[in-house]
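One chain, chain A, links the two complexes that follow: it is found with chain B in the first and with chain C in the second.
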Partner chain A sequence: MADPMRIRAQMAGEKINVRVLMSHEMESGQRKDANGAIVPAWHIQEVTATHNGQTVMTAEWGPGVSKNPFLQFTIKNGKAGDKVGVSWKDNKGDTRTDETTVS
Partner chain B sequence: MRRLSASLAAVALACVASATWAQKSASDGIAEYRAMLQDGNPADLFEAKGEDLWKQARGPKKTSLMQCDLGKGPGQVKGAWAELPRYFADTQKVQDLESRLLTCMETLQGFDAEQIRKTPYGKGEQTTITALATWVAAESKGLRFNLPQVHAEEKRMFDLGKKLFYFRSGTHDFACSTCHAQDGKRIRLQDLPNLTTQVGAVTGFGAWPAYRVSNGQMWSMQLRLNDCYRQQRFPYAVFGSDVSTALGVYLGVTSKDAVAFAPAIRR
Partner chain C sequence: MQTRRDALKRSFAVASLLMGAGLLPQVAQAFEKSAFDAKSVADVFKALGLPMPAESKDVALTAPDIAENGAVVPMTVQTNLPGVKKLMLLVEKNPSPLVALFMVNPSVETSFQTRAKMGQSCDVYAVAVMEDGKTLFSKKEVKVTLGGCGG
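On to the complex of A and B.
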């Protein structure tokens, strides 16, 4: 199972500033191992963010995103106590969803 | 003519300005880059993993590490790292954080320490030790380094560490001190801390465990020293060997009263 994400969501004026740190290998599929065999691609493909259960952002990611990626975005019209959830799905079908409360 | 000299002066001024800007960008640029990354330091992920591993019942004995004594009594984690390496009566050895964690994994959880010692860094249970070390170090954030120098063995290790620091050997006749005993030195664009001073020692010793952006790996102090020895063309030190502990004691004692800030982020 995938390791948990670290999500921080803080109010900045009327907006919620969300910072997410994901734990993932993000193997591009371009590298070769010591024997010359290609290391199969293994990276996040879909990222979804929710605000109180409602989807506010979806993103399609590819092999160009770094290992242990950091994602930052803002949500309009938020308030402290709101729930912000982030989930990802990788090309092997593994998923991870985490949620936090806005402070 | 007056106009010409005025414009020449302007050009000269521009040159000076760009020269100082270039000078600033060399080391300050890296500092800026680090500050940007610090906000989303992936070391946080390892920290969370380490905390989880500490509380989990693991190993052949299916116990957690919550009774592990890191020098401040069983289960006391906060502040432990700022006082390591130190002498432990039960093993009758001066141990650093990682070798102490391995002792706990052996005695409390029943892991085969010899096998873990032989495991390459970043594989199997070595990743466990690194994650645990990251969390334990983070629990001392903001505290001041205060390594004990009471026991005779601790003093011996300090002297040994100092000796090792200046010990020249290998194909390149290198010592730690070759690169790390003067102020204002750098290798390519990396500033080299002067590890013989408090400020330098804490920049070097105090930063690890750190997340290395260049290879996306979490490095503990053991691995850091291992790589120093690789660069010096020395033979690798065995995991948790007295050599690495002695260097840790020397650097830790030199860092006395400096504020702990690990886990850091490094190039």
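On to the complex of A and C.
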């Protein structure tokens, strides 16, 4: 199981500003190890965000996203105390879901 | 001698010809693996079954002029246009140019920021796919002083 994500969801007027820092190697599949063998790709493929259980955003990522990916987006209507969840799935089938409360 | 740039130009031309003739199959699946495997910007659009985009001022791309570290280049794609279906970020000269694809939902703003790897200095594209199938882009050249793909 991968390390937890750090999710910060803050109110900005009526909107919720969500910032997510995921913990993932994001291996591109281009790099070679000391023996010259290609390190196989290992990266997050799908990211889903939920707001009070409703899916509000989905994204697909390639290996071009940086290591320990950062994502920022804004939910249009919300209030303090709402739940914002983020989950990802990588190309090895590993998943991680974390949730936070809007402040 | 055939340079990479020539080859790229040619593949653009072929792609647009095929688009015009309507020969390309329309694909729609959960994870667009073929698009992420595509080796050039033109191939990405081919794999997604989308027309080559037109330049537009309504799509905003925020990225640094000079990225000191190519492994972490912050970039933001943003648009105020109504009826956007997807937003994409592409780095032209990466081994796989398609970096990220965001499905837009009415309850979130059409603005996403993330960080991407860049192998070398090149153009970064922000592309908006509209509900009517049109594609719009804006681009920005980002200079990389230290590549993000080395090991």
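Note that the second predicted complex is superposed on the first by the 103 of 103 C-alpha atoms of A that agree within 3 Å, B and C clash if a C-alpha of one lies under 4 Å from a C-alpha of the other, contacts with A are read in each partner's own complex, and residues count from 1 in each chain.
Note that a residue touches a chain if its C-beta (ideal position, glycine included) is under 8 Å from a C-beta of that chain, and two chains touch if they have at least 3 such contacts.
As the structure is a prediction and not an experimental result, all values here were calculated from the model.
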Chain A residues touched - chain C or chain B, whichever exceeds: C
Chain B versus chain C as contact partner of A:R6, first or second or both or neither: first
First (chain B), second (chain C), both or neither touched by A:S28: second
First, second, both or neither for A:T55, with chain B first and chain C second: second
Contacts of A:E46 with chain B and chain C, given as first, second, both or neither: second
First, second, both or neither for A:S66, with chain B first and chain C second: both
Which of chain B and chain C A:N77 touches, first, second, both or neither: second
Chain B/chain C common contact set on chain A: 66-67, 70, 72
Partner chain A, residues of chain C touching it in the complex: 30-32, 36, 71-74, 76, 91, 94-109, 111-117, 148-151
Footprint of chain C on chain A - complex, ascending: 15, 26, 28, 30-33, 39, 45-46, 49, 51, 54-67, 69-77
Residues of chain A that touch chain B when the two form their complex: 3-4, 6, 19, 21, 23, 66-68, 70, 72
Chain B to chain A touching residues, read off their complex: 39-40, 42, 44-45, 48-49, 216
